[in-house]
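In what comes next, chain A is part of two complexes: it sits with chain B in the first one and with chain C in the second one.
Let's turn to the complex of A and B:
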């Protein structure tokens, strides 16, 4: 579905943000791209809907080279939710904001109404329908941005730092919601620093360092691989840290989930007694 | 630097540094109040975490501490706020700025100068500091936040994380009595966030600056705090020591991001395994678990 082939990208200020990245994202994949600030994560995903075009190499989306397609056309299939919602919001009410892209894509008014309704309910924004997005808190604006992208039902949803400004409950909703989208066959790509969120979502994880991919695999493997974590300067999830501290007891070290951790500890205690 | 700041620090040491009583506030054009009967006391030198669901009024409360509410936002305000001995309603934002530094949630709202250095120096220029002292404080702030090499760069060209450091530098340069930081690390990766928390912790411990940190990422931040305030729907619903707040059932119900180490403790307790105390970070959890595993083994 998305194929990144040996992509290099240099910004106009001569910063080389991508240095030979190759990555395949298949239909229905759920991928988290992780790495430090400045590792090139956002630069990479901006290539997926053609916002950026490679300086060298190529990005193929649904068989089409992004250099030969307009962003408008690519966006219809690949929706992008920005890190900073203020980069994306500008309408006077939440409702208009969510409807805006739908109008642009030329949907019928009746369809627009249903889609807006659906997206606003889905993200718990019903009471803000007539409110200006700029009156809302940072976390709420983020949800408006997400609603406005989901409304047009793209095949691929890219979320750049979706958990910023979200409280625990919202994160839990977001997680269920991402899993739901993914179960329905949507391809989901998240860019995030939030290692605990990734530990709970359990996607395929791609680590980036200085414009390159340095490792990838299942969350459980990658987020407990000390060497790789150190190389990508990522703090392991708390549960993984706790189990690193229990290595002497012969317990498994590839644990990132609270409930799995509990089961393992209970089994261990059971066996001893 | 010491001279100017001491003069402005005519604060009675025995007073709470921030006190609000029955604060109720509605934004202009708002239908419901964003703050409802908020009464709280923050002592001088505390490291406070202010948390709660998004939209619960945290940012609004922060705006009351430096006078943005009511002087900038107007709207309808009832009740009283006293910060560093000043009744906020009776003093201008400019006067309050010497005592309360606010780091905004979105750094782009705060940065405007053509270079990082100028942005960091801006507040000091307004305080009328002599050039040499100003330079020293700017250098110090840039060092503390790890952005000395960015001093000539334009803030708007920097990454979100770098901008957040600039915003923090421009506030700490003024060495205020109180620093209010509204999710200051949201754009930073965990290591970058930890570094910033350590900087803030250092300012709190070494200079006695009272810190109010709005934060969802309690996994990372909780170990620095000695006071946690949880808000929900404009009200203060929990107010106390970190351990008491995190282990309360209410905290879970209103969706505070309890650290995983504490969640594991809770999950084990539900299954009848008791640790000797409640861990809030992974190190504590490992040690407590080692005790239990060894005990049951022997």
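Let's turn to the complex of A and C:
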């Protein structure tokens, strides 16, 4: 679906943000791209809908080289939710905001109406249909931004730092929502350094350091690999920290899920008593 | 955007960077005045060349070339407009256009280039802090100085933000280059609104942050650094003044004798 082939990218101020990145994302994948600030995560995903074009190498989306397609055309398939909702909200009402992209893509008015309705309901914004997006709270604005992207039903959804500035409950809702999207067959790519969030979502994880991919694999493997975590300067999730500390008791060290951890600990305690 | 690139200050040390901003500004003004005084090619070429040593001494060639390249499109437009409009206004039925017209349009273009050149040297070699200091020591009220330095400092931040907003709207299918003239202007509404809103938000936050750090608590401020006019500044001031006197002299008495460069170009 998305194929990144040995991509290099240099910004106009001569900062080389990507240094030979290759990555394959298949249909229905759920991928988390992690790494420190400035590792090139956002730069990489901005290549997926053609916002940035590689300086060297190529990015193929649905069999088309991104250099030969406009951002608008690519965006129809690849939806990108930006980190800060304030960088896109500008309409007078939430409804208008959600309809904006649909108008750009040339949907018919009738279809737009049903799509807007659907997206607003999906993200629980029905109360705010006629409210100005600027009057909403940070979390709500983020949901409006998400609704405005999901409304055109892209095959791939990219979420840049979806958890920033969200309280725990909102995060949990977001997690369930993302997993629901993924089970419905959407390809989901999240960019984040929220390690706990990733541990709970359990996606495929890609680690980036200084413009290169240094490791990838199932969350369970990658987030418990001490060497790799140290290299990517990522603190392991708390559950994994506990189990790394308990390794002497003969417990497994590759645990990141709360429920799994509970089961293992209960079994262990029962066996002891 | 690349024109602005040339006006962005980078911290480097060179004799030009160390010069007092007030004197440097005086020099820029002198260049400005001289450039506006003459419509002949020769003095403008000289004016252009005189400034090159400054660029080299300051070691800002790369940035300077970038800004000149950015200005080249505008320069081309200035040339074409001058050439075409003056031709149709003055000489129309006769063909080909006279060579003095060519010289005139070329010098108008060069005048613009000289102005961009001198201003970009000034901004490339003067840190916003020193500029603010210079204003303050010229007895401009501190509030204005602060507003000025803050504005200058936030230009790159805003430019970056505009880029992000453009990306975000493009990702929602906005095509900036589509449609007729009116439609194209309308296309910028989704970019301007978020930009203005965030600028206002940012300024309110900045005001709160400043107040919580006791901004304006004392009436009489002192500065850690104080600008002092030194020998090199006197030298630059002297150069500027003599340039001005020379230019005025030439303009008053030798204006008619400035040789035209057209034979050189056409040869």
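Miscellaneous remarks
Following the convention adopted for this analysis, the second predicted complex is superposed on the first by the 273 of 273 C-alpha atoms of A that agree within 3 Å, B and C clash if a C-alpha of one lies under 4 Å from a C-alpha of the other, contacts with A are read in each partner's own complex, and residues count from 1 in each chain.
Heads up, the rule we're going with is that a contact is a pair of C-beta atoms (placed from the backbone, for glycine too) under 8 Å apart; a residue touches a chain by one contact, two chains touch by 3 or more.
On a predicted model such as this, the values are computed, not experimentally measured, just so you know.
In this superposed model built on chain A, chain B and chain C take up the same space, so to speak, and clash. Once chain A of one complex is fitted onto chain A of the other, the partner contacts of A:187 are absent, as it touches neither chain B nor chain C. Contacts of A:148 after superposition: chain C is touched, whereas chain B is not reached.
Contact with chain C, but none with chain B, is seen for A:51 once the two complexes are overlaid on the shared chain. In the superposed model, A:224 makes contact with neither chain B nor chain C.
Touch criterion met: A:71 reaches chain C, while chain B stays clear of it. A count of residues in chain A touched by chain B and by chain C gives the higher number to B.
Of the two partner chains placed by the overlay, chain B and chain C both lie in contact with A:86.
In the overlay built on chain A, none of the stretches 7-15, 169-177 or 205-213 of chain C clash with chain B except 205-213.
Residue overlap on chain A between the chain B contacts of one complex and the chain C contacts of the other covers 84, 86. Remark: chain A residues 13, 35-38, 83-84, 86, 135-140, 161, 164-172, 193-196, 233-235, 237-239, 241-242, 244-246, 248-249, 258-259, 261-262, 265-266, 268-269, 272-273 touch chain B in the complex.
In the complex of the two chains, the chain B residues touching chain A come out as 27, 29-30, 51-56, 59, 105-106, 108, 157, 159-162, 183, 186-194, 216-217, 219, 254-261, 263-264, 267-268, 271, 273, 281-283, 285-287, 289-290, 292-293, 296-297.
Listing the residues of chain A that touch chain C in their complex gives 46, 49, 51, 70-72, 75-76, 79-80, 82, 84, 86-90, 100-101, 104-105, 134, 148-149, 152. If you check the complex, the residues on chain C that touch chain A are 161, 164-165, 167-175, 189-190, 193-194, 197-198, 201.
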